Amino acid sequence: MTEIWQGLVRAIELIVTLDAEVIEITWRSLTISVIATVLASVLCLPLGALVHFRRFRGKRLLISLVQTLYSVPTVVIGLLVFILLSRSGPLGGLNLLFTPAAMVVGQVVLIIPILLGLTISALSSVDRTIADTARSLGASGPQTAVLVLTEARFAVTAAVIMAFGRAISEVGIAIMVGGNIRGFTRVLTTAISLETSRGDVELSMALGLILLLIALAVNLTLNRIQR
Amino acid sequence: MPLIETNDLCQRYDGRHILRNINLSIEAGEVLALIGPTGAGKTTLLRLLALLDTPTSGAIFFDGANVAGSPRFRLEMRRRMAFVLQKPMAFNASVYDNVASGLRWRGLGRAEVRDQVERVLEMIGLSADRNRNARTLSGGEMQRVAIARAIALDPEVLLLDEPTANLDPVSARRTEELLAAVIRQRSATVILSTHDLAQGQRLADRIGVLINGEIPQIGTSRDIFVSPGSREVAEFVGVENILDGTVLSSAEDVVTVDIGGGLIEAVSDVAVGQRVSVCVRPENVTLALSRLSSSARNSFTGKVTWLSSAGPLARVHVDCGFPLVALVTRRSAADLDLHIGRQVYVTFKASATHVIRTERDS
Amino acid sequence: MALKHIRKGRTLLAGILLIIVLASTVLTGCGAETPVLEPKARLKLATTTSLYDTGLWGHLETLFEKKYGVELDILYAGTGKALELGRRGDVDVLAVHDLPSEERFIADGYGVKRVPFAYNYFIIVGPSADPAGIKGLSPEAAFIKVKETSGAFVSRGDDSGTHAKEKAIWKAAGLDYEMVRQSGQWYIEAGSGMGPTLMMASEKRAYTLTDIGTFLAYKGKLDLVPLVDKGETLLNVYAAIAVNPEKVKGVNYDMANNLIGFLTSTGIQKLIGDYGVKEYGTPLFSAYSDEVEQ
């Protein structure tokens, strides 16, 4: 019990005194996950609109496939991206393995299904008349898509925030393709996992607290949006 | 050259024919009302004309060009029109942004957009509400905004689907006044659908009757109301007395029709033996207590079977061997002491009838 | 109007490009001192966990980076995994400690040369009560005793150098490793690094084989004491191997050699030999000299 208490006190100390390593790891975590979320959004919002507005064979199948992938284990994606980016893999020439860029790639792959699926359902929740009205006033396909996305902005923002939450809290990909290199690819989750097993509970607790705070912030934002 | 022309336009949906062989020809600047009962295919036809949907078969020509082109070409064509859908749907944005949306999609500059939007908001009387979220508007205000969104674009063709259908009487009247003003002020071609005959009469130059996916008749409102081309049209435009029978004889443009319960003389040139429907508008039927010596060729004795009031008028059902409805003022109804069972003399002129060939039996 | 429309499309495209450019700027930036997308400026090292957990690399990293103006990326992996990363070309240089697999790595052409740079000894540690009574025995006898008394034993179980050494001791004791592995719940396979394995042995009051360096570095957090520390089999040599650029394309061979030269330089050798004195009162490693191998 005293260990937990002391650990907690020390953890809070680390946060309050803006310990350089804590700040650095937090900042890196945020940066990588924000970039992954932005890239995935740039990809998924138009793609979601395309799937939503186009009629094609196997559309339902595609959507349920995407939904199935919501809960794909992070280590599976970690393995996949590792094999792809490894120097002896097909994309080895990019020299990306064990870099933050590789982690971004992994997180993008991880959150694409959730972002795509939620974007599609956000768009479906918009009355069809909106799209018809837009077209009847002379909107082009992309303009209609932008309008409908705007109409669904709350649901879409919620999707983006949820995707960010999943990206920043995952550990499998970060450790497998990032390698947990100190000062380079070490993020909150990998640091917690490593430092705990190595016995540095205080740092782990500090980082864990920060991760919790981030999760809390994400959820509060979500609640605000959905209210 | 007509501005819009359709060629054997057909639309099937789930194996059901919604529209069958629609051939329309609309001149620039014309106002056409499509009237017909609910489910007749008015919305479907307007959506095709607005290039929102593509027909199962047939073609649409706009300004001489077949619109079945590339999406890019269709967009270009669509940008020369504006369509106000039946259910007015606000974009979740300010009134100003709603009205500005079509202009922005056309890539107009900020100043141009502002001038145009302000002008139109002024016209619909919602200038003060420009910053309000359009979702908070009442039904009538929203319909005005929907119309404003369309007319802000100065379209060559303005399409309106049941513009007053979902509104309370006051909002409906305001909206119709707005439409009348738009039609007066602009040279745009307007195609509107309505199930309200009177509205069609008030706003349109020509009326197309759409029944069961077909247009049996198109013409001026006088044509439609006085000389309906078919039994269905007659029924839809409110001819209450439609008497089916066969032509017995014909002389000097007047035919005698046997309708089972009696003989009717009507002005027509159809051949003897032709199956026909004779239409008599109830306001053209005269009631009296004694046999009148008048020039009216048709005179019958009958008993009142039912009385009901229609605003300032009274609708009188009379059985004179065949059922007939007459429309008289309340005043004369009182003078005649009309009541159920009362014997009356019924007269109408041969020239007040309209004879329709019922072709399937010919 | 069409022109304006096109211009709008271009603006959108430009916006997306801007986001991507910004993203990659932040990526490569992440603080200007750590550029990401320049492969030449980085050297990837896979190191055995026992070297990492002692904190030695944390010490050497800054010195090396300063000297060569390069970013040293240190990946924490057991010897087996480190060699695999080398074969795949995902790292440029290895620091490992399992002679047989190192020799195979070089024989297969993946490594150029094995350069030993430090050594210490393995020890067998366990709870101070020593329930199996192995204190002072030879490593082989101690292992047999632990097995016979079914005293709990935590194995690295991760194909690391330490794991290889453990297997070698079982073999020297005349036992088949596969049989040992499957002989009961007393044998626990941790599947993680040296530090975590020690933590687990301490939690479970179990015996384990460890390099002395990591044990000393973790001593304060552990409820374990050294019980067996004598025996030829317990020698633990750390070697650096540069990945062969002729066999594996794209590896940073020159910088890998710089690192090996750095490790064997007199100054660093002395530093390795002294490492730990200040913190633990005793050195964790001995600097490597040729006579060790004889």
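Chains here go by letter, A, B and C, matching the order in which they are written, and residues are numbered from 1 within each.
Here, a contact is a pair of C-beta atoms (placed from the backbone, for glycine too) under 8 Å apart; a residue touches a chain by one contact, two chains touch by 3 or more.
Please read all numbers here as calculations on a predicted model, not as lab measurements.
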Q: With one step meaning two chains touch, work out the least steps from subunit A to subunit C.
A: 1
(Q) For this structure, I'd like the pair of chains sharing the most C-beta contacts. (A) A-C
Q. Approximately how many whole Å separate the CA-defined centres of subunit A and subunit C?
A. 31
Q) How many angstrom between the C-alpha centroids of subunit B and subunit A? A) 57
Q: Compute the distance, rounded to whole Å, between the mean C-alpha positions of subunit B and subunit C.
A: 86
**Q.** For subunit A, residues contacting two or more additional chains
**A.** 140
(Q) Touching at least two other chains at once: which residues of subunit B meet that condition? (A) 106
(Q) Please output the residue numbers of subunit C that touch at least 2 other chains, ranges allowed. (A) 5
Q | Complex interface listing, subunit B residues touching subunit A | A | 47, 50, 52, 71, 75, 78-79, 81-85, 87, 89, 91-93, 101-102, 105-106, 146, 149-150, 153, 159
Q. What does subunit A use to touch subunit B in their complex?
A. 127, 129-130, 132-141, 143, 147, 150-151
Q) Residues of subunit A touching subunit C in their complex? A) 28, 31, 35, 38-39, 42, 86-89, 92-93, 95, 97-101, 104, 140, 142, 179-185, 194, 197-199
Q.
So in the complex, the part of subunit C that touches subunit A is made up of which residues?
A. 5, 9, 12, 16, 19-20, 23, 26-27, 30, 34, 36-37, 39, 44, 53, 58, 61, 71, 73-76, 87-91, 192-193, 195-196, 199, 218, 221, 248-251
